[in-house]
Each structure stands twice: as structure tokens, then as C-alpha cells.
Amino acid sequence: MPSEYRFRRRVQFYETDAAGLVHFSWYFRYMEEAEHALWREAGLSIHPPHGEIGFPRVSTSFEFHRALRFEQEFDVHVRVAAMTKRSIRYTCVLSDGDSKIATGTLVTVCVRRHADQAMTVADIPPEIAARIQVAPDA
Amino acid sequence: MPSEYRFRRRVQFYETDAAGLVHFSWYFRYMEEAEHALWREAGLSIHPPHGEIGFPRVSTSFEFHRALRFEQEFDVHVRVAAMTKRSIRYTCVLSDGDSKIATGTLVTVCVRRHADQAMTVADIPPEIAARIQVAPDA
Amino acid sequence: MPSEYRFRRRVQFYETDAAGLVHFSWYFRYMEEAEHALWREAGLSIHPPHGEIGFPRVSTSFEFHRALRFEQEFDVHVRVAAMTKRSIRYTCVLSDGDSKIATGTLVTVCVRRHADQAMTVADIPPEIAARIQVAPDA
Amino acid sequence: MPSEYRFRRRVQFYETDAAGLVHFSWYFRYMEEAEHALWREAGLSIHPPHGEIGFPRVSTSFEFHRALRFEQEFDVHVRVAAMTKRSIRYTCVLSDGDSKIATGTLVTVCVRRHADQAMTVADIPPEIAARIQVAPDA
């Protein structure tokens, strides 16, 4: 039952902007990569082919401490900070060795998708809730 | 019955890369913006909410003549170059006044999407084929 | 001296994801489009060709209230919420008529870029500070 | 002296679109990831911090054979198909086992970047030309 996930990654050229830095929108994608990898680690997919359950975002944030540049390597470390019946809160740290690059948060809510595209908030199914846990010291 | 579409657009910061130019992957998105606007001009949506018909890409290309930079304005001009029972071929020119920036092509094929996610090639429905036409001198 | 900027925009296909919604990373790009348009309204560019001054992001956040889907139109409204000698804080509301879609914040800091790629925090140059003002009731 | 590069990759959620497939603009980014990894394999960076040499794109294309979906794994295989004094031509195959997903091409030209942002075509510097070679049977 994973409560966190960590991977190392390299900045791709298409993630940089004309200021020579990674564009800030990409940090949210790095965080999401780790979130989805945590789910795979738990034996789950956050978006299975015919699933009716989804986890849209309620809120998210990032604080940026250091710049990231083309081809730089860095770690993405996401942790489950809190779980309720219907939502999951993650925290995320981007770093390179002792150097902290950025700190993020992400709150997702469990919804059921209906045939007419409407979504209603729903309890996290037990087969999902049983496979992800809150990080011990989160 | 439109056969072409033209619009003016400005380069956004997130479209640039560390070389200070628009990343080449964006030209394909500019072309697609024009393709979808042409469909709207025809009273159609290329991806209506519950549609079973789709137009995945078969092939695409771009030749790049001049660079694009942050905040530069340019025109996107897409034309229907050919239509068969099952496919549409577009050509696209990006320019700024007399200056030609890039030239692209896009071939799409009509498919029917099935419940199991499979897609099979299908005739373009008459209500679509009747609303889009090949550009006269394409 | 603008203190806010508002524009209407349509969801592009490449901004959507497999859940059928705009991917959450795009909201930050919508906010940035409005930020840069506000600067143009003030007669400025946030990234002029040979500028040594830049405005990297210190922190940013979004709360998501409603989903956005392909071809949906919506308004982006950004306001200057606060300015100090060295930083600018924006708030942003995405909406469609009376329907609030999302609410964001963005804090940027003024830096001077050096030849060795280092950046040091700097006072906002007077020619910039004189052209942007805090929104009256922000 | 590498002449090709191959890596395995997984589709990220933000690379998909509302049709449930990888957006076609992403294939060009996959190809570029392999191009830049080939350069690193050769002990080079295609965009070093203070470099005056660049490799903007002259032309590029893709043919799409099969769809890619969220979390699908696939191989990206790029090869140096041709080199002249001033340009490099790559071919690229995306595949999963025996299943061919897409086939791409990319032509880049060597330029020298000047202080005024102008770029002029230049010979590929010998320290680069000596480290990359054309694939034997390309």
C-alpha cells in the first residue's frame, strides 16, 4: 500500500520557454506524473479504459524556489498527505540533492461520470481506498 | 460551405522554447486550431459531445521557413485540398504579410468509434460532407 | 495605467485530456495569457528581445469550480492585486456569464538576469512600475 | 559515435486529448526526446548554456499507423538517416513489439545565432560532426 512515490526525471527541451527556464505550468505535470505512478505502484490506474470513476482536481498550488533548465535532472517526490471518504490530498517536492526546487499541493475529489457528461461527487471505491494510504508523517 | 479558414494569432510565451523560438510542435497545433475553426464555420464540431464519428490523423508535415518569436503576430490559413469518401486533406500556410513562415499538410480519416474503443474507417457522414468543400484552386 | 485585463477565449482540442476536460495545467497558461496581455495594454512586453529584467514565478495556485470542455467559451479576468518594490501579485477568475469556473493567484518577482544565467532579485524598473497599477478594490 | 537511439516510454495523461488518444503534436516531441538523448549519448548537448550554434527544424513529418492511449508503453527509435556539412536528417519509428505505431522524419540545419537574434546557416562544427554518424543501413 504505497503512500508516496519518487522518481528522477530530466528536463525536456519542449518544457523550457524563451526565458531559458522550465515553464511554470510544467511543474503541475511533473506532480501529476508522480501521482499516476503512485497509483500504478498501488496496482491501479487513475483513468482505466471504461471507468466511471474519476479524480478531477479541486485545487493545486506550487511555490518555486529554484529554476530548472534544459537537461537538468531532478527528483519528483509525491506523498499522500490526507484522505477523506471522497478526496485525496497530495504534497509534492521537486529537488536535486539537497537543493529544493519547488513545493506543490494537489487536492482531488472522487466523482462518478454519468452518460450525459455530468459528474457527481462520490465515495472513493473501497478497492481504491484499500490500496493507497496516507504517508506516516505527512 | 467553407473550403478554407484564416485567422490571425499571437505567439504565447508558453509556446516558446529555450532557443527563444516557437517550439516546432506548436505549428501542428496552430494548423489544428484553423481546421477546427473551419468546421465551426461550416456549422459543425469535429468532436461533438456524444459523437461516434472521429477524424484521427493519418499523416502530417511542416516545412519551416522563418522563425516565430514571443508576441509575434501571424496568420494561419488552412484550406481543404482534397476530399475522398473517407478522408480530408488540408494544406496550411503560416505567414505575416508577404513573409511566409511555414507550410503544412494534414490528412485525416473518418472513423467510427465503438464501445470497446476500437475504431473502424467509415464514410464521411453526408451531413458533414455536404458542409465542407474542396478549395477551388487547391 | 491598466490594473486588470479581461478577454474571451475558446477551449482548443489540444488543451483537453482523455477525461474529456481541459487539463488542469492549462488554467495556468490561460492566466499567463491575460497577464501578458495586461502588460501589452500597458505598452510593455514582459519579455522584450534583449531585456535583462524578468519576472519568474514565486508561487501560483488555482481552485477549480467547474469543468471546461472542448470548444467551450469562457472569460479570463486577471487583476493586479498587489505590488511591492520587487513583486507583483495577480488574481484571476475564469468564468462564463454568472458561472464561475476557476480562481487563481500568481506571484511574480522582478529579477535581473546576468550573463552567467544567474538571476538576482531587483527593484521593478520605474518605467514598468509607472505603467501598471493595483486594481482599486483588489 | 552513436547513429541511433532507442528508449521506452509511457504515455502521460497530459499527452492525451478528449478523443482518448495521444494528441498528434506529441509524436514530434517524442521524436525530439530521442534526438536529444542521441546527442547526450554522443557526449553532446543540442542546446548548451552559452552555445552560439543551434539546430532549428527545416521540415518534419509523421505518419500515424496506430493510436496511443493513456499509460500505454512504446518504443521510440531515432536514427541518423543523413548528414551533410550543414544539416542532419533523422528518421523515427514508434512501436510496441511488432506493432508499428508511427513513422517520422526530421531535418535540422546548423545555424549560428547572432547577438541581434538573427540566425545564419553554418557548417556543423567538427567537434559535433565527429561524434554523430549516419546509421549504416539508413
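Labels A, B, C and D are assigned to the chains in the order they are written; within every chain, residues are numbered from 1.
Quick note on the criterion: a residue touches a chain if its C-beta (ideal position, glycine included) is under 8 Å from a C-beta of that chain, and two chains touch if they have at least 3 such contacts.
Because the structure is a prediction, the values reported are computed rather than measured.
Counting C-beta pairs in contact across A-B and across B-D gives the higher total for B-D. Chain centres were defined as the mean of their Cα atoms; on that basis the chain farthest from chain A turns out to be B.
If you average the Cα atoms of chain B and of chain C, the two centres end up 28 Å apart. Averaged Cα coordinates give chain A a centre that lies 32 Å from the centre of chain B.
Measuring from the averaged C-alpha position of chain B to that of chain D gives a distance of 23 Å. Among the residues of chain B, those touching two or more other chains are numbered 13-14, 18, 20-21, 25, 29, 32, 47, 49, 69-70, 117. Against chain D, in their complex, chain C makes its touches with residues 13-14, 16-18, 20-21, 23, 25, 49, 69-70, 117. Contacts from chain B toward chain D in the complex involve residues 18-21, 24-26, 28-29, 32, 47, 54, 56-64, 67, 69, 117, 119. Contact residues on chain D toward chain A in their complex (touch as defined above): 12-14, 29, 32-33, 36, 40, 45-47, 49, 69-71.
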